[in-house]
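In what follows, subunit A forms one complex with subunit B and a second complex with subunit C.
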Partner chain A sequence: MDLTESYREELRLIRKPWTGAGISLVVLALLVIPWLKMDYLVYMATVVFIYAIGVQGQNILIGYTGQISFGQAGFLAIGAYTFGHASASGIPLPLGLFAAGVMAGIFGLIVGFPSLRLKGPYLAIATMGFGIAVYQILLNSEVISGGRMGLTVKKLPALFGLTQQVTFYYFTLLLALIFTLISYNTISSYAGRAFIAIRDNDIAAEAMGVNLARYKLLSFGMSSFYLGVQGALFSLLIGFLEPNLFTFMESVTIFVAVIIGGLASIGGSIMGAAFVILVPQLFGGLRELVPVIFGVAILVILIFEPHGIAGRWLKIRLYFRNWPFR
Partner chain B sequence: MRQFMQYVISGLATGSIYALVALGLALIYRSTRILNFAHGDMATAGTFVAFSLLGMNLAPIISFPLAILSGSALAMLFYFAILVPAQRRNATPLGQIILTVGLGLILQGLISYLWGTDTKTLDFPLSDTKLWRFQGLVISELGLGTFVIGLLGSGLLYLLVQKTRLGIAMRATSENLPAAQTLGIPTRMILSLSWGLAAGLSVLAGVFLAPALLLDPFFMLEPFLKGFAAAILGGLNSLPGAILGGLILGVAESLAGGYITIAFKNTLAFLIIIVILMVRHEGLLGTEFKERV
Partner chain C sequence: MKGSRIWILAVCLLLAPAYGVAQGVPGVTDTEVTIGITNPLSGPAALWGTTGVGAKAWADYINDKGGVHGRKINVILRDDGYNPSRALANLTEMKGNVFAVAALLGTAIVNTTKDFFAENKVPLITAYGDIRIWEKYPKDKLRWVFVSYPDYADEAEFLTGYAVKNLGAKKISVFYQNDDYGKMGLEGVKLAISKLPGGASLGVTIPYDVTERALATHAQKLKEGGADVLLLYTSPSHGPLILKEMAKFDYRPKVLATFTLGDPIMYKLAGADVWEGVYPATPANSGIPGDPAADKVIEILKKYDPKIVGKEYLALFGAVSMMYTVEGLKNAGRNLTPEAMINGMEMIKNWKPEGLGAPVTFGPDRRHGVNGSRLSRAEKGTHVPISDYVIYKPRF
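Then we have the complex of A and B:
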C-alpha cells in the first residue's frame, strides 16, 4: 500500500507525518508518567521496557530468521551474572552493560553453530538443553552464583535530583528506545532482508547469494546480545541474583511474548512484552493461573490470528483508514 | 565389577522409564512431525488423576488404568479440538509445536490450581525400601517393577505396531499421509490414537516415577527432558531407537553419577543431546529426511 520510489525512502523508518506525530505522542506520554507520582505504574513500566529489549532480540531470531529457540533463560543468566561480577569488581556501569551483552552474544554464537546444521524441532531441543544446562551449572557452582547467599548487585544511584526509581525508569526507557531503533534499522537493511530470506527458504536464500552461516550466526549473536542486556538491566532492577530467577519458565515467558506480540514485528514485540508483564498483574490472587492465561493466549493467537497483537492492530488500522469501505 | 553391575542395574530401571517417555515422543513425532512439548505435563495430569483416585480408596489395579485412560483421552481431545482446526487453517510445523507449548502451560497452570503446588506422596503398592538380592546385587522392589513395566510396555507397543492391522495403518499413515488417505485408512482416527497411546505411555512412566520422586506439578519436567534426550539419542523417528536410547541414557547417567560426580548426573543428558545433534543428528537408529526446494 506504500509506494516507495527510491532506496532512501525504503530505508526511512517514519514515512508519514502522522506516524511521526503518533510516535512522539507515545514517547511524550512515557516521559510524563513519573510525574503522576504512581510508583507502582513506574515500576511496571520499567519492567516492560526491560523485557521489551530481550523480546525484540528474540523476535529478530524467531520471527524474522525463523530459528526457534528455547534457551532464553541461559542468555539472561549469562548477561546478568557477567554484569553482577563486573559491577562487583568496580567496572563502570555502561561498560558492564556492554560486557554483559557481549558475553551473552559470544555464547549466542557458540549455540548458533549447531543451528547451521539443525532445523526446526532439533534446534528447539538443542537450545532448550543449553538454557537448562546453564541453570544447572549455576546451581552447582558457587563461584559464579555466589552460593546460597546469592549475588548482590549495586543499584543505579539517584541522579539529577530524581528518585532512584525514576532515574532507573528514564535509564531503561532510553535503552529500550535505542534498542528499538537498532532493531528497526537492522530489519530494513540488507541484514534484515537476509534474515527474512533465510526464514522463508534457506536453500533458496543461499542460492540467491545470502551467506547462510554468517547471517544465521549474526541473528543468534544479536538476539543473545539483547538478552544479555536485558539480564543485566533485570539484575539492576532487583539488585540481587540467584539461579532460580533463570528457570525454564523464564524462557517460556519471553517466547510467549514473541508469539503473542506477533512474529516478525518489532512493535508487536513491545506489545507482547507489555502483555506478559501486565496481564498477570490483573490476576494478583491467582498466580497459579498465569500459565493458563499464557497457554490459552497462545492457542487463540495461533489458531485465529497468527500475526499476534501486531497483526490485529494492523487490521484495525486498515479498517478505520478505509472506512466506510471494506 | 560388582559395583559396576550394580550401577548398570539401577541405570536400567531408570532407563526403562526414559524409554517409555521417549517412545511416546517418537510415536508422535514420526506420525505427525510434531515435537510434543506438553508430554511431561500430560503425564503429570494423568499421575495426579491416579493420586486422586487412590485418595478415594480405589484399588491401584483400577485407578492406574483409569489414570492412563484419562491421559489418553486428554491427548486425543487436544488432537481433535486444537490440532485439527489449526491444521485446517494451514498452521506451520513450527506453529503446531508452539501449540503443544501452549497446551503444556495450560495443563501446568490447571494442575497447580486444582491440586496445589505442595509436594505429595503417591501410595504405591510397590515399595522402594524393600530390597531383592540376586548373588550380591541389590534391586528395590520398585526398581524391578519399573523395569518389568518398561519392558512390558515397549513389548506390547512393538506387537501392536508390527503385528496388528491397526499397527499397519499407523505405519502407513506415518509413511505417507495422502497415500494412506487414498487407500481408505481413517488417518485422523489413527493419528489421534497415536497421540492417545503416547500420552498413555507417559502417564504409565509418571505413575512409576511418582513414588521415587515426590509428586508436585513440575515433577515430570526433568524425566521429560531426559526422555527427549533419549529419543534424540536413538533417533526421533525410530521406535526401537527410543527404547535403546532410554536404556543407554539411564545406564550412562547412573555410571556418571557413581564414578564421576552426582552433580554431573543431570547435565549429562544435555551434553548427550548437544553432542548427538552435532555429530549425527538423526540419532543412532533414525533415518534422515532429505529436503528439497
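Then we have the complex of A and C:
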C-alpha cells in the first residue's frame, strides 16, 4: 500500500528502495554498454536518448497539459538550425545547445498563443500549419538552410580518450538523464499540477486559481525547448542538415512515440522513443513490410493497451507486486 | 579445481575463433567476401531501392559463375527508408562485418555517412547523390571513395547547349524540384545561357516541393512563360505529372529531361501521348533498356530476381555498382585487404562494365570514374540514343 504521509514524501522521486535499486541498475547498464564494444548498440541507444528528450517534452504538452500539437518538426528544425549556425559561428557547444532550446522555446511561446483560444483538432491544425511553414521557409531561404549543399555541422570531438561515438553516447545519456529528472520534477511541482488540471478541465482549473494563459504558454515553451535540444543533438549526430529532414512525417513520428509510450508518462516517453526508433530498424530486413509492421504494431498496442507501453509495464509491475501470493 | 581448469580451457577455445576473426580482414573469409548495401527499400523512395536489388542479383550471378578468386559475394542489403540516421545505423551495424559498401543512395544519406568510410577503412564503391559533396572532401579521406555519377549542373549545361544548337531553342523555361538537386540543374541552365549570348533567353523558372501533387497552377505559369523549350529537373513522378497538366492547357514545348527520368517506364507514368518525343538524358555510368548490352544484363538480372521486371533501368544502375565491385575484387587478387581493393579499383582504366555506358577510369588522383551523359529521344515506347556520350571533366 502506497501511503503518503507528508507533502515532502509526495514530492520524492524515488519512494521505495527497490525502485532506487532498479533505476541504479538501469543507469549502470547504460554506462557499461560502450564497454561491450558493440558500436551498433551504442549508436541505436544514442538515437533513442536524443528522441527521448523531445518525446518527453511533447508528453508534457500533449499528455499532461492536453494540448494537441503537430508542429514538432518545426521546433526540431529551429533547434537544429540554430545550433548549426551557432556551431558554424564558433559559439561553444553548450551555449549553442542552450540557444537551440531557447530559440525553439520562444517560437513555442508564440505558437502557444492560439492555444488560449483553440482546442483539440483546431489547435492541432494551427500547430501543423506552423510546422509546415517552417519547412517551407527553410526550403526557400538558402541563408537559413545553408544553401544548395545544406549545412554541415561539426560533430562532438572525442574526449577523455574515448572514441567520438562513445563520447557522444555519454553526452546524450547525460542530457537525457538531466531532462528526465527535470520532467519528473516539473510534473511533481505546482506547474505540473496546473498542467494536469488544465488537461482535466480548464474551466475548473481557472476557478481553482490556475492562470490558464501562463501555464498553457509555459507548457508550449517548455516542450518546444526540449524539441529544440533534440534537434540540436540530432544535427550533432548526423553532422549535416537539410530541410527534408524536417518534414511533417517527423512530427507524426514524435506524436506516435507519445501515444505509444503512454500519455502522461515520462517513463512511457522513453519507451515510446525506443519503439519508433527500434521497430523500423529491427525489422529492416523485411523491407517493404516495415511500414505495415510499424502500423499494425501501433494498432495492436492502442487496441489492447490504450495507455501505451507504460500502461502495460504498470500492469506487469502490479501483477508481480505480490507474486506468488495472489 | 580440475573442473575449473576445464572451464577455463573451454572459454579459451570458444574465444579462439573470435580472436582469429579480429585479426583478419572484416568481411573476408577464405570462401566469402561480404559487401554491404543500405538502400531505401521502404518509404517514399522505395522504388530507388531497386538499385540494391539489382546489385544483389548481379552478385548472385557472379556467385553462380564461381565467385571472384574462389570467394562468393555475400550481399547484406539493409533498408534505410531514405532516412540518413537509419542509413548511418545500418553502416554502423555492418562495421566489422563487411569488406566494402556499394550503391549508397541519396544526397542527404551520402552527406551524413561520408566520413564513415575513411574512419573505418571500408571502401565505398559508387554513391548516387550530389557529387559535389566529394569535390572539396579531404584527399586522405577521398582515397576510400569511388564514384561514377553525373554532375547535375554539368548535365544541365549540356542539355541547354543541345537545345539551343540542335533544337533551335529561343526561350528556355525550367521546372525543377525545390532542393539542391533541382537548384543545381537550374544553375547549369543559367550558366549555359550566359555562355551562349544571343543563343536563347531564360524563360520562367518554376519550382515545386516534393510533397506537392497538384501541379495545374505550375503548368499554367509555364504556359504563360511561353518558352519553346522546357527543361525538367524533377522526380520520376513529378515529371510526368507536369507534362500531363501542361497537355490539358494545350502547351506542348520541346521537353528535355535529366537522367533521373531516363527510364522508359516514363511511358507508363506519363502516357504515350505526353511522353512521346521527349528528350531524356541518360547517364554515362549505366545503360538503358533497349540497348543490346543493357538488355543482355537485364535478362540475367530478371532471372535472378523476377521482382526486377518493370524496374529494369534502376536495377541495371545498381548492377553496375556490383560490376565495379567485382572488377575491383578481381584486380585486388586473392590476398584481399582494403588496401589491395583500393589498388584494384585504381587499376580500372578505360573500362566499360559489360559494355555499358562510357569508359570508366580511376586512379590515385582520380575518384570520379566517369562524369558524362548522352541524350536520347522517347520513340515508340523506348528511349533511343540520339547523341554520343558527352564526357565532362571529372570533378575529383
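Methods note: the second predicted complex is superposed on the first by the 307 of 326 C-alpha atoms of A that agree within 3 Å, B and C clash if a C-alpha of one lies under 4 Å from a C-alpha of the other, contacts with A are read in each partner's own complex, and residues count from 1 in each chain.
Convention: contacts are C-beta pairs under 8 Å (C-beta built on N, C-alpha and C of every residue); 3 or more make two chains touch, one makes a residue touch a chain.
Keep in mind that this is a model prediction, so the values were computed, not measured.
Of the two partners subunit B and subunit C, more subunit A residues are in touch with B.
Contact with neither subunit B nor subunit C is seen for A:86 once the two complexes are overlaid on the shared chain. In the superposed pair of complexes, A:295 makes contact with subunit B only, with no contact to subunit C.
In the superposition on chain A, A:129 contacts subunit B only, with no contact to subunit C.
When the two complexes are overlaid on their common chain A, residue A:140 makes contact with subunit B and with subunit C alike. In the superposition on chain A, A:66 makes contact with subunit B only, not with subunit C. Looking at the shared chain after the overlay, A:234 reaches subunit C, while subunit B stays out of its contact range. Within the superposed three-chain model, A:48 lies out of touch with both subunit B and subunit C [touch as defined at top]. Touch criterion met: A:39 reaches subunit C, while subunit B stays clear of it. Residue contacts after overlaying the shared chain place A:242 against subunit C, while subunit B stays out of touching range. Overlap of the subunit B and subunit C interfaces on subunit A comprises residues 136, 140, 248, 288-291.
For subunit A in complex with subunit C, the touching residues are 39-40, 43-44, 47, 136, 139-140, 148-150, 152, 165, 234, 237-240, 242-245, 247-248, 280-281, 284-285, 287-291.
Every residue of subunit A that touches subunit B in the complex is listed here, in rising order: 66, 68, 114, 117-118, 120-122, 124-126, 128-130, 132-133, 136-137, 140, 201, 203-204, 207, 248, 252, 255-256, 259, 286, 288-299, 302-303, 306. The residues of subunit C lying in touch with subunit A in their complex are 41-43, 46, 49, 78-81, 84-86, 88-90, 92-93, 95-96, 107-108, 111-112, 115, 130, 132-133, 178-180, 183-184, 187, 209-211. Listing the residues of subunit B that touch subunit A in their complex gives 29, 35, 82, 85-86, 89, 91, 93-95, 97-99, 101-110, 112-113, 117, 221, 225, 228-229, 232, 236, 263, 266-267, 269-271, 273-274, 277-278, 281, 291, 293.
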